[in-house]
Each structure stands twice: as structure tokens, then as C-alpha cells.
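Next come two complexes, and both contain chain A; in the first it sits with chain B, in the second with chain C.
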Partner chain A sequence: MSALSAVSISIQRRFGRQRLRKILLGSIPFLVMIGVWHANTVFEWLPPVFIPSIGDVWEAIFFLQEDCAGFVPLIMLDNSCLMSTHILSSVGRVILAAIIGLPFGIAFGILAGMNRTVSKFLEPVGVFANSISGIAWIPLAIVWFGVGWVTTLFIMLNTIFWLMFFNSMLGVRSVARVYEQSVLTMGGSRWDVIRQVYLPGAMPSIITGMRMSMGFGWRALIAAEMIGGDSGLGFMIFTSAAEFKIEEVFLGVIVIAVIFMATDRYLLAPLEKWTVERWGLVWKPT
Partner chain B sequence: MNAVSAKLVVEGLSHHYPDEYTGESVHALEDINLELYEGELVSVVGPSGCGKSTLLNILAGLLPYKVGTASVDGNIIDGPGPDRGVVFQEHAILPWRTVAKNIGHGLEIRGILKSERDRRVQEFIDLVGLTGFEDKYPHELSGGMKQRCQVARTLCSDPVVMLMDEPFAAVDAQTRITLQEELNRIAQATQKTILFITHSVDEAAFLADRCLVFSARPGQLKEIVEINIPREKRIWADMNNDPDFITARDRILKSVREEVSVAKEE
Partner chain C sequence: MQKKSSVSSLTQPGQRTAFDRFMWQFNQLLKIDAMNLVILVVVILIGWSIISESIPNPARYLPSPLAVVLSSVDMMVKGLLPSYFSDTLTRLVIGSAIGLAAGIPFGLLLGLNRTVADMFHPMMNFFQSVSGIAIFPIVVIWYGNSDMTVLVVILYTSFFPIAFNVLSGVREIPIRYVNAARTLGASRYQVMKDVLFPGAMPHIATGSRLSIGFAWRAVIAGEMLAGRQGLGWMIFTGQDTDSTAEVILGMVMIGLTWIILDHYLLRPIEADTIERWGLVQR
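And then the complex of A and B:
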């Protein structure tokens, strides 16, 4: 047996055939992109002012972080630690917006799902708010709140809340009535029904809502930071482009995507696995 | 009539409801009177649309009623309550709870301590033959096991009356026979007072001490058939040759068929 096939078998044992296939298939487009990108640098189809080399983008991280004098200025979002400051301010806003927007969206969504009066009251204004894309609020938000934290947070909350609201509402409406009835006939209260039936029953929709609202919210944030922010990855991309620092623009774009992919994979996907997949509420892809 | 031991009493119950699509008033039940005594299993059969499910929903407290009275242990029914346990036709155990947590759900709602709860839950898991499946989720169970789990859940809450709404209608024929024999054994072991709604004449005759035949809409109590076969003798292999069973079944069948033809002519 050749050494290569021995390695292949041991890798398959370690990760499992299906998972390995998934990882391999998923990484092919990225490998192609990186290959074309590197080929461009080698063959100079487009000059580095348009597309920087992979090495330049990599070095930009250290350049931006060069003056950073340690851990304290890093977490204090000091301007000497530019890379981490931009990342942390964007991530901080996302976390803040998620902490406020998700629970409120879920709570009002569940309420509207179980109560016709509440849904009649909130649905039209929700459709109205949802039809205005997040970024359309930016000019108004700047007039109201000025450039900075409040504007970016407002834009995100607007996106997160309404998406979460609609998904939770539909989720509650999709729960079979018989679950509610069975809890009531065991002597359960309204509150028992909310906690033990509506919330878990709406979980598939709620998780979809979380994925959507975090995705759209993150995009809205980047746009908001470009126009109405004074820090963050969107701000970094925008100002770097104005100064023709193309490698920093590339870096910013890649970091944005990587952060979102990591959130989805290590936070939202495990949540899905531990709830709705375990309960058999979704079809598992084979 | 012995009012002391009548667990469930229905007097002069009539019910109309608006049709979901046309909005026209549907006359579902007319002047229903019945009494369920302690430890009795009473089945209700009738043509489809005769209001038997409406009756069960009213008794469960899930459907408000205006005309007549219904009471359990002397308490007028005006909403759902733990004194009446319901076994639904659909799979009603919660998919996000394990078998054990589903069965202990009623006790959990009542705030029974975990140690006491676990002991009672295990007792009913063993009774319905789900031993070894305590930590499984419902989607890992077969249709028959889900219904066993539902029966155990209802029994574990120890209701005064157990209401069963065609609980075995959705399982395959072989499983249904097993479940019927098991319910017979459980009824004997627990001495529960049970109202059992079904559209299957065989099932009604096999399980019941008394079988109530409902007329076509509006549902009225048409006939009561007594079945005096001891529970320990009720096994399907023997029943098909048991003269008492055959007599009772044929009488119920004849009575129901008259109503089905009435319903068709309308």
C-alpha cells in the first residue's frame, strides 16, 4: 500500500468520508479563486493598483497593527491598533445589535404569532419597514444621530428586529395546534405554552431568522459604517479605497466574510444541530 | 343511578358551531346525556360528522359550550384541566422532549419533585412497554410507540377521566391490534375511567364495557350496547369466536350502518 493511500485512509477515519467530501467540495471554489488571484500577480494581467498580491494583503494586517503597544490599547480600541480596532468595533456593534434586536424580535414575533390583534397591529408596519432596505435609512439616521455608533446600531437594529419578528411569527403559526392543546389539557398555563410549545416549536424558523438577520444585519452594518460610521471594517474599506490602499480594501472584504462565516459555522449551525436537528424538525442533508 | 361514583356526567348537552367555510350554523350535538362510572371504559361510535369529536373537545375543555352541563367529579367543565387527560388522534407528544420528559410533563407542570416524578415516569414507561427508550426523541419512535408514549403521558398525570380521541386510527392494522390488547391490559391494571371515541366498530366492541352509538348529525345518543366480557378474556385470537363479542359487535354494526345510510340520503 502506498504512503499516500495510507494517509488518505487515516484522514478518512479521522473525519469521516462524508465530512471530508463536504470540506473538499466546499473548498474547491476558494482554491480556484486563490489560484487565479496568484496567477494574476505572477503574470501581471491586472496591475497591483487594481489587484494586490496575496503577500501584500497579508502584510497589510501587520502594517495596520504595527504601532500597537500591547493588549491594553488593543482592547481599548486605540487608533494605534487599527486592524483590531476596526474588527472589534464592527463585531462589538453586531453583538450589541444582536443582544437587543434578537430577543425583542423573537418576543414580539411570538406574541404576534399567538395573538391576532397584535399581528394585525404590527404586521403592516413591519411590511412597511422591511420594504425599506437597511441602507435607505442611512441618510436619515445621519441627520438624526450624526456620524458614529448610534447611526450604525440603528441601521442594524432596523434590519435585525423586523426579520426576526416575521420569522418568529411564522414559526409560531406553523406549530401544530395539538401540542398547545396537549399542554393545556395537562393543566399548563399560557406561559407554559409559550415556553414549552411556541418557543421550541418555532425554533426552525427562529434559527433561519437568526441566520438571515445576522447576515443582512452584518451587510447593513458595513454599508452604514462606510457612510455613517467613524470606525469599523466598512469605514476601513471606504477610507482605504479613498487613499488607494487597495491591499487594505481587499483585507477588509476578506475579514468581513471570514467573520460572518465563522459566526454562522461555530455559533448558528451548532445551535441548529443541538435543537431542531436533534428534535427531528428538519431534514438532515445526506 | 349512583351519583356518588359517576365520574363524568353530561346532561342535556347540545352544540352548534359555525362552519369554517360557509359560516352556516352546524348542529353537531343534540341533548346528550351520559354518565361514566369509576373504572368503566365507555366507547362512542357513530358515522363521520356525528359530533363525537365535538363531544370530546367539549369534555376536554378545548371547546366552549352553552347548552347543557358537563362535569367531572361534580366540577362543571369550563376549560382544560388536569382532571381530564386527553389522548389525541395525531401524534401529540412534543418533538423537543425525550420520551421520559414527555411522560413526566404533566407532573412537571404541577411542580412534583424530580425524584418522585422519575419514579412515576419509570412506572408508566414500563407499563406501556417503552423501557429502554427513555432518552429517545419522538422522531426516533415508530407510530405505535408514539401513541404508547401519549397514553403513558396521560396516565402518568393520573387524571380522573381519560378521554381518547381515535388514538389508534393513524397506525397500521397490525400495530392497532397490539395497541388495543395493550390498552385492555392497561385498563384492567389501572382501573381508569375512560371515554374512548372511535369510528371502528370492532375496536369499540373489543374495548368497551358499554358502547354508545351516536346518530347521524345532529349527534344524539341512539343506543347503548353493554358488553359483559371480563377483561382478562379479551384477546383478539379468542374474540373472533366469542358469541358475546360477535352479538355485541353485530348489534353495534347494524345500528351504525343505519345511521350511515341516513347520513348518505341527506
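And then the complex of A and C:
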């Protein structure tokens, strides 16, 4: 008994009492949900055509990866390794769109925000583009690029670019002019102003935009893959639904949720917190 | 330096040159948002027309603005545009109304007890992150390509963000307010009515806007995927039948509707609510 309590105390010390309580409490609804799900398969309240058993969903991973011949075809996105191919092509598209879209969006946003007249002109463009970005572009993208890889990338890029553009423009505009003028007075060049005033001043807004653009972009990407794609997780769940393979649909939805939550929680949210702490709350002259 | 002198001359009317006066008037003109908008729209329309004239087969790839206007007139005469528009709007209103009406009390109820709130917070966060579009294939298997499918997806997308936001809002209310009300003999219902609900009000407003925003995207995607008549369906079939003018018309309609909804209805409500109920901790 004393050994058990010693172990529990050391665990509490290691993770922290409050955090441990939150983790344990938070896992209860998930466990209950899994329990109900399993009970459904055992007692057959709803037929397995509507809700598959947990075992089937687990098996679906291996069924999809069945013909995979090893590591090389897995990396080459071979059609025999369906599961990993779909995951990697979706994630790859997100990364590619982020690499292209984020710098371009930030650069254009800062350029537009530098001149207040220009930014006042471009603000309606940003508002309009953001309100139709994403899903509404899919049909036009299909007309322009056909069904496939380019269309999905275009939709993702479109969503990311406009959100970043808009956010960095507003961020630059919110920086007090005194900073800009003081740097100029002390003999700084335009580039110094960008590097030392606009970029740090707009940083919280940029990072928030980054997190938002990843959230909206991921949703838009899934929809784009369903309608106008030929690979990726969205494509996978949509085609599986058409063939009534519900276990693959469930698997895909869970994978989508887990990937998104992991990215948001362990990459973007800490980044946002750190940036706001480091760069945020810039002193504003009254 | 030049810039500086022109700025100072603006503030001292006596020393203005004719050029300064002209610039001042021009600047005044630029300050009017409507004027900005008109210039912007004209520039965009001209650029669009030039591109559309210079590419081969514009009817397929990028119809001119005139073609889009003509197609809108055509669809108005046939009565298709108003009917699609009202279908989409009806779906949005019904779906998000039910979603909000269910989500706000649900979030408040979960927030009544700290332990319960801590318990459900991760799960609500999980469901909030799974977008409605991702669960679309499951719902299609359950209900087929029917209106029910679109409605369920909208309900799902609007329910979870609002419930999650209300729950977060209730959790952020300082516990001493609840304790103070309890000490003064308030019942559970009174605590909910007088402390939790007003305290969570800013979060309710923000969450509602978020919910309706997600629901709007879900309506468009749902109509495309489930093939129910509406704006989403209009742009999707427009692409199938090679009438790109209809696609662009639909996109513009979708964008304009959301701007009007967001900027003239939801944002003012949110701002007013935050002004009235926000800053609980004074």
C-alpha cells in the first residue's frame, strides 16, 4: 500500500497535480464514448453498416497498407500503400502550401500595410477574398486546373494567402506611427523600419493569422480533396463512403482530427502563446 | 521632408498652395469609404475584362464581367437565382438556429460544475476541431443524399463551436463571483441566470459568429456534395455544364452574402455585446 501511494505521489510530482487531474478527467468522456461504441457492436443497436466495430476500424489500417512492399514505396506514395499515401499526400500538400503561402501572404501584407492609402484600398479586397476563399473556389479551380493535385493545392494556397495577407496588413497598420517615425528620424532606412518596427509589431497578428489559416486551410483542403482531388484523406473518406466501406470512413475522420489537433495543440498554439508573450503588448503612446 | 511640409500646410489654411488644396481635397475624397470602393471595383472590373479578352476561350476559363451580369439577368428571369438563394439562406438559418439554441444551454449546463466542465472540455475541443465537412461521408451513409444530410452537417458544425466557446467562457468566470452569489443564498438557477450567463455573454457572441461562419461554409460544401439545390449546387453544376459565368456569379453571391451577414449583422452584435457585458473583471 505504501509502495502504491509512493508511486502515485511521484507521478503527481512528475506531472503536476492539476494537470494530472485535468488529463484524467478529460479522458473519461472519451473512454465512455469508446465504451458506448463497443456496446453498440456487442448489442447491435445500430447495424455495422452504420457504425462499424472498433476492431474493423483498426483492421482497416492494415487492410489499406496490405500490399505495401516496404519503406521505399511508402515514401514514393505508391498506390499499394493506400493509408500512408493518403496521409502523406494531404500533409505534404499542407506543408507545401504553408511554405509557399505563408511568406508570400506575409510579404504582400506588410507591403500593403506600409502605405495607409494603399491598405485602405486593399482592405475591401481582403474582406471579399476571405469571405469567398476556400470551398467556393473549388468549381472554378476544377475548370482551370482539372481534377487533381493542382486544384487542391490552389484551394489551400488561396485560403492561406488571403488570411495571411489580411492579418499582416492589419497588424502593420496597428503599429503606432511613432515607432516608424523615430526609426526614420534616427537615420534608419526603409528596410530598417520593416525589419525592426513593422515585422515585430505585426508579429502577434501574423501568428494568429497563421493559426487561423491552418485551421481554415485544413478544412478547405479536406473539402477540396473530396470534390476535386485524386488523393489525400478527404478523397479517401469520400470514395470509401461511395463504396459503403464505413470502417475506412471512420478511420479517415479520426486520422484527420488527430493530425489537425496535434498540429494545432503542439505546434501552433505554443507558437502563438510564445509570440504574444515575447512581441505582444507593445507599449502604445497615448 | 517634403512630406512633412505638405502635412503642416494642411493644418494651416492660410499658407496653402493650389497644389496643396488639390491634394487635400483628393485626400478628403479618399477618406470616403464608398469612393474607395467604387474606384477599387472599377479597377478590378477593368483588369478582369482585359484578362478575359486576352485569353483564348474566355467563355470556359474566365467570362467577362458583362457575361456574368447577363447570366445573372438570365437566371433572375428564369427565377432560379432567387430560389437558390432563398434555399441556401433557409438552410443556414434553420441549421444555425437549432445549433445555437441547443449549443448555448448545453455549454452553460456543462459549465455549472467545475469538475464536469474540466471533464468535457477536451472532448468538446476534439469535436470542434473535426470539421463538419470531414464527417460528411459518414452522414451520407446514414441519410443518403437528402436535405437531412445537409441539415445534420450544418447542425454539427454550428453546435460544437458555440458549445465549446460557451463552456470556455463559463470556465473563465472568476470562481469568487459564483461563490459570492452562493454565499448570498442564490440558487443554482439564479447563479446560472445572474452570474454564468452574463459572464459568458462575450464568449456566446464570439462563438455564435464563429458557428455561423463555419455553418455557412458547411452549407456551401454540403450542397455541392449532397447535390441539394442552392448556391453551392449552382456553382457545382455550373462547372459540370461548362457555364463558368454561373460559377463566378455564384461565387460573387456567396462572398457578398457573407460580407453583408458578417459585417452588418454579426460583427455589430458581437461588438455591442462585448461592450455591454465584457470586462467582467473591472
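In the analysis below, the second predicted complex is superposed on the first by the 238 of 286 C-alpha atoms of A that agree within 3 Å, B and C clash if a C-alpha of one lies under 4 Å from a C-alpha of the other, contacts with A are read in each partner's own complex, and residues count from 1 in each chain.
By our rule, a contact is a pair of C-beta atoms (placed from the backbone, for glycine too) under 8 Å apart; a residue touches a chain by one contact, two chains touch by 3 or more.
Please read all numbers here as calculations on a predicted model, not as lab measurements.
Colleague: Looking at the overlay, does A:V249 come into contact with chain B only (first), chain C only (second), both, or neither?
Modeller: Touch status of A:V249: second partner only.
Colleague: Once chain A of both complexes is superposed, is A:W274 in touch with chain B (first), chain C (second), both, or neither?
Modeller: neither
Colleague: Would you sort A:M261 into first (chain B), second (chain C), both or neither based on which partner it touches?
Modeller: After superposing on A, A:M261 lies in contact with chain C but is clear of chain B.
Colleague: Per the contact definition in the header, classify A:G188: touching chain B only (first), chain C only (second), both, or neither.
Modeller: first
Colleague: Where does A:W45 make contact in the superposed view: on chain B (first), on chain C (second), on both, or on neither?
Modeller: So A:W45 meets neither chain B nor chain C here.
Colleague: Regarding the shared-chain residue A:Y179, is it in contact with chain B (first), chain C (second), both, or neither?
Modeller: First partner only, chain B.
Colleague: Is chain A touched at more residues by chain B or by chain C?
Modeller: Answer, by number of touched residues of chain A: C.
Colleague: Contact-wise, after the overlay, does A:P139 reach chain B, chain C, both or neither (first, second, both, neither)?
Modeller: Second partner only.
Colleague: List the residues on chain A that touch chain B in their complex, please.
Modeller: My answer: residues 176, 178-179, 181-188, 192, 196-197, 200-201, 203, 275, 278-281.
Colleague: Considering the complex alone, what residue numbers of chain A touch chain C?
Modeller: So the residues of chain A in touch with chain C come to 21-22, 25-30, 33, 49-50, 117, 120-121, 124-125, 127-128, 131-132, 134-140, 142-144, 218-219, 222-223, 226-227, 234, 237-238, 240-241, 244, 246, 249-250, 252-253, 256-257, 260-261, 264.
Colleague: Quick one: which bits of chain B touch chain A in the complex? Just the residue numbers, please.
Modeller: Going by the criterion above, the answer is residues 60-62, 80-82, 84-86, 88, 90-96, 105-106, 109-110, 137-140, 153, 157.
Colleague: Flag every residue of chain C that touches chain A in the complex, lowest number first.
Modeller: By the definition above, chain C touches chain A via 30, 36-37, 39-40, 44, 60-61, 115, 118-123, 125-126, 129-131, 133-138, 140-142, 217, 220-221, 224-225, 232, 235-236, 238-239, 244, 247-248, 250-252, 254-255, 258-259, 262-263.
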